[in-house]
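Order of writing sets the chain letters: A, B, C and D. Residues in each chain are counted from 1.
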């Protein structure tokens, strides 16, 4: 098991945002968390990334307890997040953005290899490497966000809403790339509003509702689950 | 684009020329006031420009600290001027009590006088820079870091508190005392004058009428400032730490997600800014040889105005703003009114802000989400 | 409802407090030292309430409060000085005329400006400036003729009465002058972004201080004596006067905040763009609040001038201009109760207790201890002493819940959670 | 249902040649649009196409570089945002912009400020005039909240409301300014399908009840195609297509730039691909 989350409880002040969440990700899997806005999806990711501290519960990565490990250390261990809303460093160039993704890497050759890999996946970034991040279009920014996360050469990639605000045609492209990245051996935890797309690429999925996991299972099963279909896939 | 209901008067007003007229009148008035006297006595004018340059370069070093700290934590670090004061004080003790500047001469007696003085002076500057950096990081850890998630004003109030503390602690009799202290320079002042070529001014002699004076101080100040400025620009633009500083300034949570130790980067920023202020402290004290516990307030304030004038958060802005501030202050004092020079400095700031609401190098209108 | 009762209790507590302190002062139980500190506390309350309106409720980070305080102080001091030392009402008459004519000029310019669409702030400022200059010159010219008759009228009254009337008018006029200057200064400056506005207002404070340093030479008011400090101001600020002004300020603030105008003011702090989208004239709201806050600062300055009978430009140094800001943050942004408590605490502890507690020879430690207290306070309670808490009378009471008279057919959210599917 | 696009009535909102540059970059370029009374019009397009900029131009937050916006025969250019709201255009925001620290009731009462009926002086002395108008205003706000089923939450602080209710409050607040034209900026963003259905019901409801004309920016095709009568598609600041939902769905240009092959077909394809990989 690559990542295991055990009975996680997170609070924002008095608000109980995550109420005992447990799930796991196996090596090579794409696992998706779906749920409504405010269900706790991003909170889960940020807790794994070490930005938020849980009040109780554990996050175990490769048999190591990383619950209280600081965020920068977690990146070094091999988990990297591409945050919601892309969060490109608009005042840095594309190249510098990618270098920031590789901040924890010290080996120059390794960085160059990562860079080549990212440019292979996203040739458009190579064309624009000297442009400021803020001048990219929405789709390009999303590519940069994913590419930047890949620069740290993670074993587990956390993707927060990669389809947000993108046109259907770009969503398609992004999801294609997500599958490619996975095929190259990176495990992915995918958080999505767009449940249909998410379930179609994921192996397994969990449904979050107000801080709890209410359903879990194989993505095909989830897709065929009438309740999920009604609430998240928009079937009538 | 034009409104249909426009009358003749409306159309006159539409050009926004009234405000521009006011600005033009003010600028013309100032130019006339200065220019008139400058033409009558061009030597004096050039002398003023040189004096302003010296002041402006010192301000630039202080302003950089304000601007860098503001850029990364959006805090107006009011204690920065007092860090500058500490820098001057450290060099005072280093030179006056410990004769730090003489160590190369003592260690390597064979060294030429010029070289040993140079190394000695550099040591004094480096010591001030180091101590200021340590001080600033300590302040940051104790007073600002715990408030990072509190409202912005809390940190500002703490900064004012720290500023008070440094001043009044410094004023205690066993620290720096509440008195003016005459500063002993690590090197002798050598003055030259320009009149039919450059001549060295003999010590104790009055400069000839119409000669333009400049000293080795001016050269040292400009050299040190340019050197530090270039190193800083290199650090911020080219190194990994500098890029991480810019990334953290733009978005801290995301920077942490990239594995950047944001707290560490903030500390480094404070340290860099304070080191520059420390160097500025030494240079200021050698130029205006008197140190006392309040001395950080006014230069600190001027440098701060300079940083805002240039567009706070922008490094070239701080530099340009400081040069403008130095000139404005000296020219205002020389040609308009000495007691009003602080008021004039601020009036310039307000006028510039009215025309460019985010300073000279500030970001123009950007698309809002 | 409880509003009636809390109002009653508020007034009773206030009257009791007023009488108690007055009795203590009258009987000599409260030394002059502490009585002065109480007055200073009340004065600081007034300045700080003004600042809390501007910063705490309207969201404009202003460091100019101290400048307006200085303007109020010197204006009022000049009026009473001329009355008591020069035995004429020249200050009163001229300032009164200036206030009236400048208001009129502003009103007229505002009429013109409102008709001109697309005028930028700087141009509007220029028009106002022209109006101000014309009105001021006119006021001085007209005023000269009126000095003698008004002095005579006032002299008909008993001397104690006359001086109290002059004092009262001087305080109000001090506030008005501060308000008018804040109006014209705020016009262009309020368009700046938050931090830049703060810096511009800080600049204002410094400019005022420098002008006061040179008041005898540059401005030509020889009686103000520039950097040497103005002496000979009558000590007219009694405890009753400050208490009355404080309560008036409190009531005005409270009533304003509990009205639609107050809500509009707060909406600007909450979200400027959303406020605009709700039809609120954000620029106007900012100006009104800034002027009102500065009016309070002027009042407070005027009262302060007559506490010690001595004014020095160094009192209005920009370092001191942080004091009201510290009080406001210390009391809690957006809490009027907190501001008053903090102001009195500030005066009594910093000026009073610390002076007494520190042993002989350690007086200079006062300002070493003060920032440490400030630091500890900020670390422990960054939201301020009171947060947004208010005492009952000042607190806004929620209206009775709505009783639907008829049943509407709103789209009701059908809440059926998925829990059962787990 | 009426078909206003063919009706001979005059346009409520008329936009001609609207252009806005930011530092030489054309965010909106030569944009035309007419909206007739009672219509529900959709504005769609990829991120950064300039949709929100169009909203900001209509509501006066930006001043256009060129072009004309006419609302009920008044040229809007040069008017301040608050004046435009007072003329009868209200809006919501992409990222909800409530007054976060104020109560639900105050959020609505602020929208009534322009009709407060009493002045500064009345407020300061709390006279009869104040009492009367303040009471009436509060009651109106409360009654209004009850229309949106939120009257029981009047005392709650806006930022503590759940997401869906914040959206509802924002729409309610916009309507409290009694607009004729309502601009909704991505109201369904961040909502799950169930909430989206509720939102669509709500939009239908307010449209009937308040006799509104609505212009809607939205990404979720289901919303746009489901409720809009006419749709304008933008890309790179320019209009690339306009027409009925059916026409838009079949427009080659739109498919190429924006819609793609359609979500269902795509998801099917991705599944096949995955089973291939696995």
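Basically, a contact is a pair of C-beta atoms (placed from the backbone, for glycine too) under 8 Å apart; a residue touches a chain by one contact, two chains touch by 3 or more.
What you see is a predicted model, and the numbers here were worked out from it, not measured in a lab.
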{"item": "Any chain that touches subunit D and subunit B", "value": "A, C"}
{"item": "Comparison of A-B and B-C by number of C-beta pairs in contact, larger one", "value": "B-C"}
{"item": "Separation of mean Cα positions, subunit B and subunit A [Å, integer]", "value": "44"}
{"item": "Inter-chain centre distance, subunit A versus subunit D - centres from mean C-alpha coordinates, in Å", "value": "31"}
{"item": "Gap in Å, rounded to a whole number, between the CA centres of subunit D and subunit C", "value": "41"}
{"item": "Residues of subunit C whose C-beta touches two or more other chains", "value": "117-118, 273"}
{"item": "Of all residues in subunit D, the ones touching two or more other chains", "value": "61, 78, 164, 195"}
{"item": "Where subunit A touches two or more other chains, by residue", "value": "231"}
{"item": "Complex interface listing, subunit A residues touching subunit B", "value": "49-51, 70-72, 74-76, 80-81, 83, 87, 89-92, 96, 99-101, 103-104, 148, 152"}
{"item": "Residues on subunit B engaged by subunit C in the complex (per definition of touch)", "value": "3, 9-10, 13-14, 16-23, 74, 76, 142-143, 146-147, 150-151, 153-155, 157-158, 160-165, 167-169, 171-173, 178, 297, 301, 304-305, 308, 312, 337, 339-340, 342-343, 346-347, 349-350, 353-355, 357-359, 368"}
{"item": "Parts of subunit C lying in touch with subunit D, wherever the complex brings them together", "value": "117-118, 252, 255-256, 258-264, 266-267, 270-271, 273-283, 288, 388, 398-399, 401-402, 404, 408, 410-414"}
{"item": "Interfacial residue positions of subunit A with respect to subunit D in the complex", "value": "35-38, 137-139, 165-172, 175-176, 179, 182-183, 193, 195-197, 200-201, 203, 230-234"}
{"item": "List of subunit C residues in touch with subunit B within their complex", "value": "61, 115-127, 129, 188-189, 191-193, 195-196, 198-200, 203-204, 206-207, 210-211, 213-214, 217-218, 273, 318-319, 322, 325-326, 329-330, 333, 364-368, 370-372, 374-375, 378-379, 382-383"}
